[in-house]
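One structure is given here, and the rest of the page talks about it.
Each chain gets a letter, A, B, C and D, in the order it is written, and its residues are counted from 1.
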Amino acid sequence: MAGISLSRARTIIRKALEAGKEAGMAPLSVVVLDEGGHVQAFERQDGASPGRFEIAFGKAYGAVMLGMPGSAQMARAESQAYFIAAANGAFGGKLIPVPGGVLVKDAKGRTLGAVGVTGDSSDNDAAAAKAGIEAVGLTAVI
Amino acid sequence: MAGISLSRARTIIRKALEAGKEAGMAPLSVVVLDEGGHVQAFERQDGASPGRFEIAFGKAYGAVMLGMPGSAQMARAESQAYFIAAANGAFGGKLIPVPGGVLVKDAKGRTLGAVGVTGDSSDNDAAAAKAGIEAVGLTAVI
Amino acid sequence: MAGISLSRARTIIRKALEAGKEAGMAPLSVVVLDEGGHVQAFERQDGASPGRFEIAFGKAYGAVMLGMPGSAQMARAESQAYFIAAANGAFGGKLIPVPGGVLVKDAKGRTLGAVGVTGDSSDNDAAAAKAGIEAVGLTAVI
Amino acid sequence: MAGISLSRARTIIRKALEAGKEAGMAPLSVVVLDEGGHVQAFERQDGASPGRFEIAFGKAYGAVMLGMPGSAQMARAESQAYFIAAANGAFGGKLIPVPGGVLVKDAKGRTLGAVGVTGDSSDNDAAAAKAGIEAVGLTAVI
């Protein structure tokens, strides 16, 4: 599995959290998943609500499983709510179809996994994820 | 149970994948279910996202279980979203009510199973399924 | 994702089915999963019972998720039944902890996925999986 | 909620992973939960199988929810399997009742959360968790 090494995952998380702090965001939680949708690393900042793992995970999980970042899932949910509702059923209710679920690609365009961020507005969450991903030289598809 | 023989299922899948390639579609995933809604055969093309089995299965499963192809399920979801949501609850969240879930019938009009395709637009998915089904001399109800 | 290409997955399935036929086994069903536990390809031979996808999948899925082939899962279930029961709960009831769930490794020892076979005795199922895996030059951990 | 700060959780994870490496253990995965059983931080070492989050989480979750570390849960499972099976049903199948789920207490004996480790033998997993917890001056109940 190519995936995202633990060392890189740590850097992605730290840089995403730093980006959030610098921009004055609320406490963030950040998960890194491999290309099979399995958890590689996660951190929840002090002050975040207890359920943030599930939200961060759901954003990133849907991105991996459907091959669609959160923004694209949200657009589909806006235009065809029953499709996203049904997809969520097919994946055991795990999807969170809003921005903040960001695909991670390498220079050849291969998907290595996804990053999920939650805690501030969805768009800010996605921006923090992007900052983390780009800090390790990978491409973020938000 | 008449069903769809493995030999025919293989041909349906190959022809659906070929039809997708010829039409320049994104990588497709194709499932063939028997008339009880159980998996006979499945293939996911290289480059498709990892969750495509669940989507393909859900399209075909709803077609068999409700006796309605994806287009009819989508029409019902548009006009009466709570019915499709409730049906999905009754079937354990497995339905994906959009085109690409195609019923397979024989010359006498008996349902032999269904084909589910996912990967490109829903209408293209359905067209690929139809191409596969017709390649073995059966009738596609899209 | 390194995984197992669809071309290789097809060969694994065909060769496993052939091995079963040559040995006089009952109709087999064979699934190939990628290294994230997601379905790449599946075939169920004519005459097999309808629930064979779920059994084949469960054998291969547990092998990938736990990094343990079916024989090792069975040994653990024999010595510590509540552990395997609990692990099954943690993975949504999907595990089938008996032989026939076979890890697929490359020459460097990396796990590329797993093959699950069901239909005959568990040991025969595992032998058929092994035959399929070795036919594409990969290593089977049964 | 006192919990375990993210800073401390990071140190616990790093020290548990270091302890495993020094003792020649297989790649480990380590989760830190707060006193409500919610995820604070998690890391999976490169080379671990993909399902390790679920196992690590289940070990720590049972410890928090039942107020019993993994060793005590295992003893109960050995003497009264149906109790642990029933408890697992009550907690949605999330418990993994073996060593490696370790309670974290402060100097006054208050439970702050739990650490779950998986990847090597259950006893080694517990030893690694203990090393991590003690590295931040807290008490491990294994």
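Here is the rule we use: a contact is a pair of C-beta atoms (placed from the backbone, for glycine too) under 8 Å apart; a residue touches a chain by one contact, two chains touch by 3 or more.
Computed from a predicted model, the values in this text were never measured in an experiment.
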Requested in this report: Would you mind naming the chains that touch subunit B and likewise touch subunit C?
Outcome: A
Query raised in the report: Shared interface numbers for subunit C and subunit D above half of all numbers used, same, or below, different?
Result: different
**Report entry** Geometric centre distance via CA averages, subunit D-subunit A, whole Å
**Finding:** 25
Query - Inter-centroid spacing, subunit B versus subunit A (mean Cα positions, whole Å) - result: 30
Query raised in the report: Taking each chain's centre as its mean C-alpha position, how far apart are subunit B and subunit D in Å?
Result: 43
Query raised in the report: Where does subunit A touch two or more other chains at once, residue-wise?
Result: 1, 34-38, 92, 111
Query raised in the report: In graph terms, with chains as vertices and touches as edges, which category applies: line, ring, star, complete, or other?
Result: other
Report summary line: As the complex stands, subunit A meets subunit D at residues 1, 5-6, 9-10, 34, 36, 38-46, 50-51, 53
Report summary line: subunit A residues touching subunit B in their complex are 35-37, 64-68, 80-83, 85-93, 111
Query raised in the report: Which subunit A residues qualify as touching subunit C in the complex?
Result: 1-2, 34-38, 92, 110-111
Query - Residues of subunit B touching subunit A in the complex - result: 48-51, 54-55, 57-58, 74, 77, 81, 84-85, 88, 92-98
